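Both complexes below contain subunit A, partnered by subunit B and then by subunit C.
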Partner chain A sequence: MSSYDIVIIGGGPAGLAAAASAKREGVDSILILERDTQLGGILNQCIHNGFGLHTFKEELTGPEYAQRFIDQVEELKIEYKLNTMVMDITPDKQITAMNRTDGLFHIQAKAIVLAMGCRERSRGALNIPGYRPAGIYSAGTAQRLVNIEGFMPGREVVILGSGDIGLIMARRMTLEGAKVKVVAELMPYSGGLKRNIVQCLDDFGIPLKLSHTVVDIKGKERLEGITLAAVDDKGKPIPGTEEEYTCDTLLLSCGLIPENEISRSIGVDMEPVTSGPIVNESLETSVEGVFACGNVLHVHDLVDFVSEEAAAAGRNAAAYVKAGGTLGEKSKEIPIQAVDGVRYTVPKKLHVNRMAEEQIVRFRVGAVYKNCYISAYLNDERIIHRKRQIMAPGEMEEIKLKKEQLTGFDGLENITVKIEEA
Partner chain B sequence: MESRNLTCIGCPMGCLMTVEMENGEVVSVTGNTCKRGDDYARKEVTHPTRIVTSSVYVTGGTIPMVSVKTAHDIPKEKIMDIMASIEHVTVAAPVKIGDVIVANAADTGVDIIATKDIAAV
Partner chain C sequence: MYDVVIIGAGVTGSASARELSRYKLNICVVDKEEDVCAGTSKANSAIVHSGIDCTPGTLMAELNVKGNEMMEPLSKELDFSFKRNGSLILCFSEDDRPNLEALFAHAEKNGVPGCRILEKEELHQMEPNISDEAIAAIYCPTGGIVCPFGLNIAMAENAYTNGVEFRFNTAVRKITKTEKGWLLSTNNGDILTKVVVNAAGVNADIFHNMVSKDKIHITPRRGEYCLLDKTTGGLVSNTIFQLPGKYGKGILVTPTVHGNTLIGPTADDHDDRDATNTTAQGLAHVISAATKSVPTVPVRQVITSFSGNRAHEDHHEFIIKELEDAPFFVDAAGIESPGLTSSPAIGVKVAGIVADLLKPEKNPDFNGTRKGVLDPKSLSEEEYAKLISEKPEYGNIICRCEMITEGEIMDAINRPLGAKSLDGVKRRTRAGMGRCQAGFCSPRTMEIISRELGISQLEITKNGGRSNMVVGYSKKSIEEA
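Moving on to the complex of A and B:
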């Protein structure tokens, strides 16, 4: 059985950044396992621009952003295996994987970085009634077909869900000659960026119907049309509001779910809100030496934050390996509580002595908040009270906790992050 | 006096703005919360531009398509002309990021360039 100091599961933006940063910290024995035919992950199919404004101060397309990190991995001579599927990982970090050249094989790792990303919520998870004809795709599948494989899924399109992938695909299908008839969104607000609503829908006269959903699917062999209806404030269809649309294609852009089958097989504790592992300040899961970063941990809005988070995970994995399989002494574990509009936090707990000088805590809010404050408390004492003109569920928020402020606080029991009205 | 309604893309606020125009000149911008909204509105009603991204077929490469973009932003009304200029374009691998795929696309003076490295097989 071969062995490596650090094995990184996934060669997308998170895996690439984690690998590069671990190598720069002085760990030489690193292996990336990637199931696709190329490195770069989902960025390869995100051919639109708008990536990298934070990291590189310029507006790149997805493949260009990925290439910057692929180049780093190549320059640092980090090993990787493509076309390789990881089947299982044990709690003592033995990895079972397979590919066509090596067959089934095992690798022993000292540390593991989970960077498997996320996948789209499928039709089966949405409970849309009707037959199961051809022509119904997740928006990301259609994106891959059009941008990488070179196939058009159809000509007359309805899109359910106004997440960014759905909006981007409305424009993409239109540019390739399809007629996008409508984008329907169950919620009373869009989950996508304003920029995408303007440049992907308004530019092409594509209507966005908020508080609407698909209530029927027509066609047995091939999709022939759908029925759209308005929904009430509980998301239930309102009888009498049904409208018929003919279409040969329905794209679903209804949310992303971290892909954690392997994390579960290791036995790491999971956070039900994010569907990702619970991690501490070091982005370490409940299994020591197993770290998580990127969309497998929680779904991000911007890839720049994925790269930043993954670099931290890579650094911490390197520190763990270099110290002989430990992150050092643990001070008391302090939970971070997410309440009053804050849905979750990453990390969910921290050991003050292991914190960076400035610890970034990321989270999402549960509704649209205008002119409210993000507040953080140490026990009952408020230490952060920052005004935000607007916060929306589609955008990730963050606060920074200063180590000196926490070490100087006597009797720290817990940290609370909440939204407070003005 | 002519007026146009716009949604600002500067931040998630998405201010609904009204631009009053006379003889193609902006008279006033209202509804914005900050300066960025004013700037965006003036550009958007006088000369809106966009970067166009797409993909074209590649032969002899590791994957069938290579992603491309306009090297700079182009006038918004030229988006479909740009798409027409690459409709039947096929390139041969290898392709490097920055390679010119179509020069002076649709007479905009802007090249269409590759955004992905594709190795030859």
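Moving on to the complex of A and C:
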């Protein structure tokens, strides 16, 4: 059985950034396992621009952004295996993987970085009634067909869900000559970035119907049409509001689910809100030496933040390995409580002594908030009170905790992050 | 000129074809769909019923119990998934106890072995997740679960390798009695045969009524289901029924042979034989009724929902006989639940009737065994490693949810009566049947089908007909311009 200091599961943006940073921290023995035919993950099919504004101060396409990190991995001579599926990981970090050339093989790792990304919620998980014809795709599958495989999934399109991939595909399908009739969103607000609504829908005159959903699917062979209805504030369709749309394609962009089947096999504790592992300040899961970053941890809005988070995970994994399998002494565990509109936080807990000088805490809000404050409390003392003109569930928020401030706070029991009205 | 033409390649037709292939007969199975197992046989509870709830003395009761007995040895001969997990019929109130006891009395009359009534304590020990409201239950240890696709495809493949011809995309339009035999007019030309076996499921009354003055009437009775993620696999170990009502066995909660949980079906009579759509009301009813048996059914773990039409004949009885006013026309009609369970026994009965008519010789070359698509997960690690070194495709995972390899998909396409569509691959390998519902693997599977069958991806369908997956090239239009 071969062994590596750090094995990184997934060669997408998270895995690449984690690998590069771990290597720069001085760990040589690193292996990336990637199931696809090339590194870069989902970025390879995201041929639109808008990536990298934070990281590189320029607008790149997905493949260009990925290539910057692939180049780093190549320059740093980090080993990787493509076309390789990880089948299982044990709690003592033995990995079982498989590919065509090596067959079924085992690797012992000292530390593991989980960077498997996420998958799209399917039609089945949404439990939309109706027929099950051809022509119903998740937006990402359609994106792959159009951008990588070179096929058109259909000509007359309805999109359910206003997640970013759905918005991007509304524009993509339009540019490829399809007619996108409507984007429907169950919630009273969009799940995607504001800039995508402007650039992908408004600029092309594609209507966005908020508080609407698909209530019926017609067509026994190929999709022939759908019925859209308005929903009430509980998300239930309102009788009498049904509208028929003829279409041969229904794209679904109704949420992303972190892909944690392998994390569960290791036995890491999970956070039900994010469907990702619970991590501490070091992005370490409940299993020591197993770290998580990127969309497998929580679904991000921008890849720049994935790269930043993954670099931290890589650094921490390197520190763990270099210290002989430990992150050192830990001070008392301080929980971070997400309340009053804050759905979750990553990390969910921290040890003050192990914090970086500045600890980023990321989260999403549960509704649209206008002219409100993001507040953070140490016990009952408010230390952050930052005004935000608008916050929406589609965009990630963050606060920065200063180690100095936390160290100097006597009797710290908990940290609370909340939204406060003006 | 065929000796026998079987209309329908579902479980009934395929079981009949396999049993008839034991004889030296020229047999053809026709189906309007592009594959076997494309109708009700693919959309049902996947249960091997014990037979306790059939009315004593009926053909249903007889063939259910026989089919149940045959299922285990057949699963070994034909290599499909079957498990005798037991079933429980729950009673929720003392008022219903007389009904429970009346049903229990069927066990002896129908010859269902091993049944007993469990009182509350034992019941809850056996199934900790069932509702506290359940006060007693009938336990039927012979109840089982089966892969319905596996069973159907296995019987059809075995019939095929024993010489039975299959014609797909062939819809029978008209049946006429001629001097030479029965003339079947189809969209793919005329077919002449001595004997017709009518195994057309929800359409069986159409063919029966073409040739007989004694009309029968089949009502499509829709059953809607929800399938839950494999993470729910341990929810119950037995199949959990409720005391039956007027429209059948009620909503059940059952593990599947593949480790999912299945809940359903509804029972909703309608008049469109092809209407396999689910409805908002139906799905809501499935969930609420399943929750009555197992309150913790994790409905957020639903990965797909589907519906199938039971072929409910007005008299709720299997009709398996040569028609009095249409000699050499054999019905296998009214095959609703427990049709899947009974199918092996129905096949034997149909073959017996046909053999009496044609007095055929035995087929000396008949081989009743068949190997299914090789599941590398069933191999030891050494065997698996050896397999990949010989056939590297088995090292390439295509469906990540069900961990299905390229090797298995190639096997499904290239074997006898192989898959031609995405659903065909799915039913033979489970690729696309997992939690992401083919989001990840469908472009990859399309590539493999295209390569193995030598067809353009534009021709690839979900399940035949006009169910094409893609409609054109994304970049070609630019090139053309």
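Following the convention adopted for this analysis, the second predicted complex is superposed on the first by the 422 of 422 C-alpha atoms of A that agree within 3 Å, B and C clash if a C-alpha of one lies under 4 Å from a C-alpha of the other, contacts with A are read in each partner's own complex, and residues count from 1 in each chain.
Methods note: contacts are C-beta pairs under 8 Å (C-beta built on N, C-alpha and C of every residue); 3 or more make two chains touch, one makes a residue touch a chain.
Everything numeric in this text was worked out from a predicted model, so none of it was measured.
Legend: residue contacts after superposition of the two complexes on their common chain; A:D202 is shown touching subunit B, with no touch to subunit C.
By the touch criterion defined above, A:E149 reaches both subunit B and subunit C. When the shared chain is aligned, subunit B comes close enough to touch A:E64, but subunit C does not. Of the two partners subunit B and subunit C, it is C that touches the larger number of subunit A residues. Looking at the shared chain after the overlay, A:G12 reaches neither subunit B nor subunit C. Of the two partner chains, subunit C is the only one touched by A:E120; subunit B is not.
By the document's definition of touching, neither partner reaches A:G289: not subunit B, not subunit C. Using the contact criterion defined above for the overlaid structures, shared-chain residue A:S138 touches subunit C, although it does not reach subunit B.
Legend: residue contacts after superposition of the two complexes on their common chain; A:G191 is shown touching neither subunit B nor subunit C. Shared interface residues of subunit A (contacting subunit B in one complex, subunit C in the other): 146-150, 176. Listed in rising order, the residues of subunit A touching subunit B in the complex are 37-38, 44, 47-49, 59-64, 67, 146-150, 175-176, 193-195, 197-199, 202-203, 389-392, 394-395. Residue ranges of subunit C in contact with subunit A, taken from their complex: 226-227, 274, 276-280, 282-283, 302-306, 381, 384-385, 388-389, 392-393, 395-397, 400, 403, 435-437, 439-440, 442-443, 446-447, 457-458, 461-477.
Of all residues in subunit A, only 35, 83, 85, 87, 98-104, 119-120, 122-125, 127, 129-134, 137-138, 140-141, 144-155, 176-177, 215-217, 220-222, 237, 248 touch subunit C in the complex they form.
Within the complex formed with subunit A, the subunit B residues making contact are 7-9, 11-14, 33, 50-55, 57, 62-65, 67-69, 76, 79-80, 83, 97, 115-117.
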